[in-house]
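All chains are identified by letter, namely A, B, C and D, in their written order; residue positions are counted from 1 within each chain.
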Amino acid sequence: MQGSAQPVLLLRGIRKTYPGVVAVDDVDLELFPGEIHALVGENGAGKSTLASIAFGEVRPDRGTVEARGAVGLVHQHFELAGRLRVWENVLLGREPRRGWRIDAAAAHAHVVALAERNGLAIDPDAFVDELPVGIQQRVELLRELDREPAILLLDEPTAALAPAEIASFFATITALAERGTAIMIVTHKLAEVMAYAHRVSVMRHGAIVERTLAAQTSGEQLARAMVGGDLPPVAARAATTHAPCLRVADLYGGDDERAVRGLTFEVRAGEIVGIAGVEGNGQSALADALAGVIPYRGTVERPPHARIGIIPQDRLAEALVPNWSIVENAMLGRQHRARSRRGMLVDRVHAREDARQIVERYDVRTPSLDATVKHLSGGNQQKVVVGRALIDAPSLIVAYNPTRGIDVGASALVQSRLMQARNEGAAVLLISFELDEILSLADRILVMYRGAIVGTFERDAVERAQIGRLMAGIA
Amino acid sequence: MTLAITLIVLTLIKATPIVYAALGGVISERSGVINIGLEGMMVAGAFFAVIVSYATGSPVPGLMAGIAAGAAFGYILALAATRFKVDQIVAGTGINLICTGGAAYGLVLLFNQPGASVQVHALGSDYWILVLLAFALAAALHVVLYRTPWGLRVRACGENPFAVTSAGLNPLLLRTYAVVLSGALAGLGGAFLSIGELNLYSEGMTAGRGFIALAAVIFGRWTPLGATGAALVFGLFEALQFVLEGRIAWLPPSAMSALPYVAALIALAGITGRVRPPKADGVPY
Amino acid sequence: GLRHPGPRPGQLTLGMVTDVGGLGDRSFNDSAYRGLLRARAKLGAYIQVLQSRSAADYEPNLSALTNLHFQMIYAIGFLMSLDLDQIAKEHPHQHYAIIDAVVPDPNVVSVTFREQDGSFLAGALAAMMSKTHHIAFLGGQDIPLLRKFEAGYTAGAREIDPNIRVDVKYVGSFDDVASGQELANVLFDSGADIVYTAAGKAGLGAIDAVKSRDTDYVIGVDSNQDALAPGRILTSMVKKVDVAVFDVGRAIQRGKPLTGHLVLGLKDGAIGLTDFKYTRKAIGPARLARLELIRRAIVSGKIDPPDTRAKLATFKPVAL
Amino acid sequence: MKRALSMLSGPLGAILLVVVLMSLAMVVAGTSPIDGFSALFLGALGGRNELGETLVATTSLLFPALGITLAFRAGLFNIGAEGQLLMGGLFAGAAGAAIALPPAIEITLLLLLGAVGGGIWGGIAGWMKARFGASEIIATLMLNFVAAFLALDLVSGPLKGPVASGAETAWLAPQYWLPTLLPHTRLSIGLVIALAIAVVLQFVFTRTVFGYDLRAAGEAPEAARRSGIDLRRLTWLSLALSGAIAGVGGAVIVTGELHRFNTQLSPGYGFTAIAVALVGDLNPLWVCVAAFGFGILEAGGLAMQASAQVPKDAIHLIEGLIILVLAARRYVAARTEVA
């Protein structure tokens, strides 16, 4: 479709280095009106950096950016004004006016219509910071969709969307492209690429190593191009004994909208229990109650001295100290454990040793162990969080979207590690919005809807369609 | 005049300079810049109002000069916080020192006497207009912040300047305007002290009112009306102290002076729930 | 050591340490400084002033001047009395002077004033002038020194009008001008028509307050403040710290240093009221004559104005 | 040009800029800058006595600055060091005048009491924050005023020394004075104590689990909470410790310089110390350097006012300029790196 059209975005010889890394290495890229261009690659390959350069947010060391028309960017770690309402965020800078004042009614109506048109349900009057991460993602998307830029850059826009939402999201994107918008989308979900993209560029170590038409490649081919080889196999499921580990009964807690309402379930040692559900059905409340950071009613029982490894949902806000090094972050949450201290002192030898192990085992791409975490790519930050949660061989693991933002290769690695932990006798509670992930890992699947469990499936009796219906509250 | 009327009048007068400075604090912090320099900007306003009133023989240019001086230091803070990315608290502290030190020096340079200026033409009874204006401005600022596009953008800036960039606006410019306005308001508050309430500049005359205003901002939860209410409460306690002075024999004299502050502490403990500043308050962009 | 132009050989050298009020206090620090300036003009003295920012500065400031061998070192204000006592004992050959306090060392001349004398006159005048039989006193801080003003003033008023109401308030500070003004307004609004201020810079607020009032008066203090609001300042109770400072310096120059405790009052001309430049008409000859009678009675010792609240309680008006 | 810029970006360049600005101000005032600055530096460093005074000011600034550093690192904005210093001084002064123990024991006790006084004052604010969620900014600010009035009432009444003329306690007997560090100056071993606290603080921050928790809470409170740190406990503890350090400073002034408690023992050290802590980048060791720099200004400023007719508070002008220029220097440095 680009045919004879002129590119609207032209990147020439772009290079960007950070201390110790070449983030983008001599990249040429052009975007044509009406195309959906997928940019894929490993964590830390330089995708976000390239998108920021194209947007004009980051200045390249070298090279030129030519854009014909406005550029919009949906950030990987989105940029919203938390304590403003949804509509205020969406319409910021283009507020409908009545005289010198904002026409709030018109704004509200505008956002409702916009959301409906794009199949992204949202309450325009909600305060953004009270929304779960996935829904915040929609706000950022809507803001860009409403601005209708000639060039739209999307950095992992679907990382926090449910499958059904992804379909409607791409319907929107496709329609936009048909109206002439040039779209570049960064994603780790290769299925999306195959289904919706026209062209694909694969990045590795800052350079574009492959350019192809989506029609001429396959998911496996792409994955190999990204990783530079075959995907590591996920560890096999081994037989385990099922001693009781975590017991939750009649759990109530969380704020009204997204509370848990009378949850009862059990996770036994040596099994992975998957919580399937659409975001906003009480999963955060469940995870927070288990982490002990919100008040709750009901019973949460676990073995007295159980070591718990937690992977929270929001890596930057809840799991990491962004200004600290990997070494210091590797201890967070473990700093009171015997291994991390010598009396009142920090055990610096073990801290460094553990950090090194995390970096090695999870393939964290970083110039050094002392690199500041906020300078790591999103996926690599996630790997640090996952690695830290699993390093002490915990007997109970609560993992909330553990592979969010992680590339295909590393995802397989993380899933493999979870499986190994299970095989070695850990009880794993896996809360994930990726049904595929749950289906491949879980021994038992609980479907959560409106704060309660509405269905339970053993691994050998899974009915995918039925789960989908339960998740949507239809069955 | 009855005691009650005295008390009301005194409360309004005492609250006015704090209201001005607190409104300045609200607008600045809402844009994401912590304005520790309010005290210094009040000093600058008070000092230059006197200088210009002295030079021109008329208080109105003095008032303008006070506002301009506050705005100028607001601009310096804005420049430091936006362009030079100086830590805002450092910059504000520096401005406080520069203003108090500069005024002390200026007194010697201009009047050849340390401590206090000569007496100059003041607003006289017209200063009531400034009292009323303070409260009108509070209402106006409330409307501006919550009902106009500019207000929304400023608030967004204080929440997340990057969101503002993503929306195609320039957060640095927004912050600069907000902080300059903040300084102008603080300067007006200072000018009210020196040529409204009084008719001279005297060292230490702001007596920490800029910091009290900062407290009022927090008490008022970063809203113009809230901050004004808090300023009124501080004004009330200051006034109470005057009215009660000498009437309650069993209280030691300085316990009376401590009254506003103790009351503030008790009120503070009584306010339930955490008060949360704007998310990007103090965060450089 | 410090390098500065320094005194010429044989030049009279006078050093002064202010208290935390510092120069610009419109009170005894400024007044003492005027005395020093006069000594420079009239006696050709080399002078140096060190200001103190905190109580911890008194001792080093006094030591600094001591090490520089100033011929006379003035400690201005009672706050420094203990620091001075200590240093004076260590340097028995160095001459010192202190204002407003008594330091009993042989090499220190202590100068105190009978503020109650002048305050008594001020109180008497206020009582004669008051139309509401209600006057007031506005002090800086409630400390013994200020109670001398308060007691003398109240007694003087009772001398004229035994049933007069005298309200007493303290600002709590010597430099909060705004508070001084508000308190003066409170006093005026409650019916007092004359306010005597003894509050340093804070008193300037009271002077400001009286400007917009046509029938009320303020009485100033320490220096002649009459011109600050012509016609609205009845008079000022002048305390001639500058004269004392100058005299102490001149005595040194003449080789006859003063020592011991000088108590300066009305009869020494170190305390008194101003010349009523702007208010003479309003007061009128009859009241001035009566005031003069009282003045003579104090000078002659017939009236002994009280200097504490206790003495005030037992004070009996003397029928003249 | 680039060379010139990078020269300017050093701390020396920053100071040069301030000197130029100040010289202009002096010329306007009709004073020769040479006289003014030589008075400043000779007054601060020109001799043993001058150096002593500079270090005395350094010491007085260092305690509250280190206290502030601790609180700021925990994410707590303590602007109440002035009040904490005063309460520390009050505790030490009141006890010192009343108790008679063997000197070494008594002096140690007085310093500890200073820590207790300041610690209580900081702890109140910390407790209010932990218990009610009260803003520590307001609480510490208000407590400054309350401390000043409380101290004034106490030393005007019950604690007033028998021969004291102003608002102060009785004098400490000479055997209870903090030993002198530099003979023939007022410099006491308080300086050594302050430096020791700085070293300990640096060690706590970098090497202990408590320091780790404290920094985590300061950097990322939500992540810290989820890592199992009891934020409430940490809040009151940090503010109490912060106040205690400032309080020792008050006790050092009382036992080392003033030898009695007086309500005017500090010319605002607690506020200047905020600038010291920030200029020192909240790093205890750099804070020591910053305190020395400010000590020079404080002591030299006093000398400057003596020779030139410069008011005592004008030194704040220089301090403020230096703070701004030093802070902006980082930006210039970053820019020249890019260019």
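The definition used in the following text is that contacts are C-beta pairs under 8 Å (C-beta built on N, C-alpha and C of every residue); 3 or more make two chains touch, one makes a residue touch a chain.
Since the structure is predicted, the reported quantities are computational estimates derived from the model, not experimental observations.
Colleague: Measuring between Cα centroids, which chain is at the maximum distance from subunit C?
Modeller: Chain centre farthest from subunit C's centre: A.
Colleague: With centres defined as the mean C-alpha position, give me the subunit A-subunit D separation in Å.
Modeller: So the centre of subunit A lies 47 Å away from the centre of subunit D.
Colleague: So the centre of each chain is just the mean of its C-alpha atoms; given that, what is the distance between subunit B and subunit D in Å?
Modeller: Roughly 26 Å separates the two chain centres.
Colleague: Could you please state the distance in Å, as a whole number, between where the Cα atoms of subunit A are centred and where those of subunit B are centred?
Modeller: Centre separation, subunit A to subunit B: 45 Å.
Colleague: Rounded to the nearest whole Å, what is the centre-to-centre distance of subunit A and subunit C, using the mean of the C-alpha atoms as each centre?
Modeller: For subunit A versus subunit C, the centre distance works out to 77 Å.
Colleague: Hey, what residues on subunit B touch two or more of the other chains?
Modeller: 107, 114-115, 203, 253-254, 257
Colleague: Going through subunit C residue by residue, note those that touch at least 2 other chains and give them in order.
Modeller: As it turns out, subunit C has residues touching two or more other chains at 22-24, 142.
Colleague: What residues in subunit A touch two or more of the other chains?
Modeller: none
Colleague: Following the definition at the start, I'd like every touching pair of chains, please.
Modeller: All touching pairs, sorted by chain label, are A-B, A-D, B-C, B-D, C-D.
Colleague: Could you list, by residue number, the parts of subunit D that touch subunit B in their complex?
Modeller: Per the stated touch rule, the residues are 25, 28-29, 77, 79, 128, 131-135, 137-139, 141-143, 145-146, 149-150, 152-153, 156-157, 272, 274-275, 278-279, 309-321, 323-324, 327-328, 330-331.
Colleague: Within their complex, state which residues of subunit B touch subunit D.
Modeller: Touching subunit D from subunit B are residues 76, 80, 83-87, 89-91, 93-102, 104-105, 107-109, 114-115, 203, 208, 211-212, 214-215, 218-219, 252-255, 257-258, 260-262, 264-265, 268-275.
Colleague: Across the complex, what residues on subunit C touch subunit D?
Modeller: Counting only subunit C, the residues touching subunit D are 1-4, 20, 22-24, 48-51, 53-57, 59-61, 64, 67, 78-79, 81-82, 101, 142-143.
Colleague: What residues of subunit B sit close enough to touch subunit C in their complex?
Modeller: Per the stated touch rule, the residues are 1, 6, 10, 13-14, 107, 113-116, 119, 122, 124-125, 193, 197-200, 202-205, 207, 239, 242-243, 245-246, 253-254, 256-257.
Colleague: Could you list, by residue number, the parts of subunit D that touch subunit A in their complex?
Modeller: Going through subunit D, the ones touching subunit A are 207-213, 216, 219-220, 222-228.
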